[in-house]
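Think of it as A, B and C in the order they're written, each chain with its own count starting at 1.
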Amino acid sequence: MAEETEALEAQFDATVAADRRIEPRDWMPEGYRRTLIRQIAQHAHSEIIGMQPEGNWILRAPSLRRKAILLAKVQDEAGHGMYLYAAAETLGVDREDLTERLIDSRQKYSSIFNYPALSYADIGVIGWLVDGAAICNQVPLCRCSYGPYARAMIRICKEESFHQRQGYELLLAMVNGTDAQREMVQESVNRWWWPSLMMFGPPDGDSPNTQQSMAWGIKRHTNDELRQRFVDMSVPQAAALGITLPDPDLRWNAERGAHDHGEPDWAEFKAVISGSGPAHAQRIAHRRRAHENGAWVREAAQAYADKQAARVAGKGAAA
Amino acid sequence: MSPHAQEEDPTNAYQSLSETTEHDDPRWAFGSGFEDVQAEIEAPVPDGVDAADLAEYCLMLGDDALVCSHRISEWVSNAPELEEEVALANTALDLLGQARVLLSRAAQVEGAGRDEDALAYLRGEAEFRNVGLAELGDDLDFGVAVARLLVFSTWRLALLSRLRDSRDPVVAAVAAKGVKELTYHRDWAARWALRLGDGTDESHRRMQAGLETVWPHVDELFRTSDVERRLVDAGVATDPAATRDEVDAVLDQVFAAATLTRPTLPGRGPLGGRAGRQGAHTEALGHVLDRLQSLARAHPGASW
Amino acid sequence: MSSEPTNKRTWPLYEVFVRGKRGLNHVHVGSLHAADDEMALHNARDVYTRRNEGVSIWVVRADLITASSPDEKDPFFAPSADKVYRHPTFYAIPDEVPHL
């Protein structure tokens, strides 16, 4: 038995090393499976919880065009959550179970959605910074070693690029609008900048799982590498908007060919992922309410399907 | 790990953002397929048609879609299952797309320099022309939501299928596209009515209760306003009263299959002879508009 | 691969196959949950085709699919270098490479 496992493991390692994909029915180490389930579920939860801060503004969107864009975007997020839950399900868990783990706070979602969306500028900033950070995180996942996850991410990344563009376009419209609108944008960026940087996770020195995940081809870059890339890309975008990123230590370092930047408040990050984020309780309660309010509907559909199947079977027997 | 060249490229979208400020994916702007309709919004008012009547009629059809879309949008992040999130949002988007074209046409025909947003955001309750059913709230009760959409989509489909021949090119174009959309909405609602009506005891009770909630608003759907009467003669509008038999037949078919009972509640009577088409609404519309208009009204002169 | 025991009933999982245009095969595009076949078809149109007309969709309950399992043979039979796994899960549409 041990020999067999060794051979399987060697084949798994060779597949990953050759940058080929692991597929659902392949043998895989239990740790790999567990890590993937946790990561994909967390990702799926983030899409679903992420509908809430933006959903908060759909009914109040300030133009019909903006309303249509936001509705379509939030709808995409529901779709992304579905793709990701389906990818997780290929690993032998089911969506209902994952949802239970979310609303019982046994699984997490991205720390960013524990912050409230307080003005319409937040819709633009979520598109620009939050979706931008998500894209930095997600593009490498299109080459993740696990096939179903990688394929889900390809589909998601394609749609996400629209999300980010609409956000930036909204911000451009707002900074070219009234003084009050420009102030809204700056105020919003001030609130979201640091939480966006936290989306890449703790600093590399404090991220114990990174090395294993990279060896498994689940992760392609370290947290700090991705964070740096995000900062470097955001700086000229902020300049084009004429807004200031709220980091006094932010400056170009010609020697490194990259921007130096300040450190996010990691104590706040830890507190937020432990459940004390300003909108955490509200997000979970909302998701729980929707899930529980829908139970009778889901049961009814199942009961109806069962009745229909029985009727068809009955007809078949009679004939 | 050395970064792969392939990985660097995809982030170009990010770098090229400032070049794409005109980005206006039609899927988001109007729903797919509305590009052609947009071109027709500026078409002249058909001969022999009163411009004020046509503008008013576009408001009726547009406000029905806008307000009903708002109610369905309340379900976002609250649907009973993720698949239904997508279905509900699609429906809300379809109706919003119809509303945008119709309000744009109303503004164009009116010729007073307003646009779709001025009409959606800066009119008061009494200036809205939607029927009461569109503004009926559901308190996130799926039974009421399904009942409302079942009746609304069955009725609107009957209207739009007749309006494909309208002499107004914009109304005709919205109808042609809308028929496909409404067919889909009606199918969705009818199937859910079956599942709930013939599902569990609880779902049967709640679906029936949903119908009872909706029912007082049904009669109004078939009352013909003066504007409609004049436009029927001009070949632009269709007479809602003439759709009653078709709507009843469809609903009866659904009720029978779903083991539901057709409610016998009396219809909500008019207010001094006026109802939604004349700007006399239920108390609910004010709350819908409070939310819909609050941000736009707080920033006069802003562009978004 | 056994799922954890749960006393709740989830709607069954369906696999979705789409023919993007005439002349092409149906290709696996993803999965969804639905109580019955009709709901699955309806939702597949909403989620995976955005109701693009003229597109043909197949849905099939995932538990009705019989699949070969590569790891039943491997590693006792030498794996061929270009082996293609055909488990119907998120089978990518070839031109869906991200041009972001």
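Heads up, the rule we're going with is that contacts are C-beta pairs under 8 Å (C-beta built on N, C-alpha and C of every residue); 3 or more make two chains touch, one makes a residue touch a chain.
Source: prediction; values computed, not measured.
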| note | Between A-C and B-C, more C-beta pairs in contact link A-C
| Nearest chain to the global Cα centroid? | A
| note | In whole angstrom, the CA-centroid distance of chain B from chain C equals 34
| task | Please report how many Å separate the Cα centroid of chain A from that of chain C, as a whole number. | result | 23
| Shared-contact residues (touching 2 or more other chains) in chain B | 10-11, 13-14, 27, 81-84, 86, 90, 195
| note | Check: chain A positions touching at least 2 other chains come out as 79, 82, 95, 135, 139, 142, 157, 161, 298-299, 301-302, 304-305
| query | What are the residue numbers in chain C that touch two or more other chains? | reply | 11, 32-33, 35, 39, 47, 98-100
| task | Write out the stretch or stretches of chain C touching chain A in their complex. | result | 1-4, 6, 8-11, 13, 30-33, 35-36, 39, 47, 67, 69-71, 74-75, 79, 85, 87, 89-92, 96-100
| task | Going by the contact rule at the top, pick out the chain B residues touching chain C in the complex. | result | 10-14, 27, 32, 81-84, 86-87, 90, 180, 184, 187-188, 191, 195
| query | For chain C, which residues count as touching chain B in their complex? | reply | 11, 32-35, 38-39, 42-43, 46-47, 50-51, 53, 98-100
| remark: Interface with chain B, chain A side, in the complex: residues 48, 51-52, 55, 57-69, 71-75, 78-79, 81-82, 85, 95, 120, 128, 132, 135-136, 139-140, 142-143, 157, 161-162, 164-166, 168-170, 172-174, 176-178, 180-181, 214, 220-221, 229, 233, 237, 240, 286, 289-290, 293-305, 307
| message | For a test of understanding, state which residues of chain B touch chain A in their complex under the given definition. | response | 1, 3-4, 6-7, 10-11, 13-15, 17-18, 20-21, 23, 25, 27-31, 66, 70, 73-74, 76-86, 89-90, 92-93, 96-97, 99-100, 103, 116-117, 120-121, 140, 142, 194-196, 198-200, 202-203, 206, 291-292, 294-296, 299, 301-304
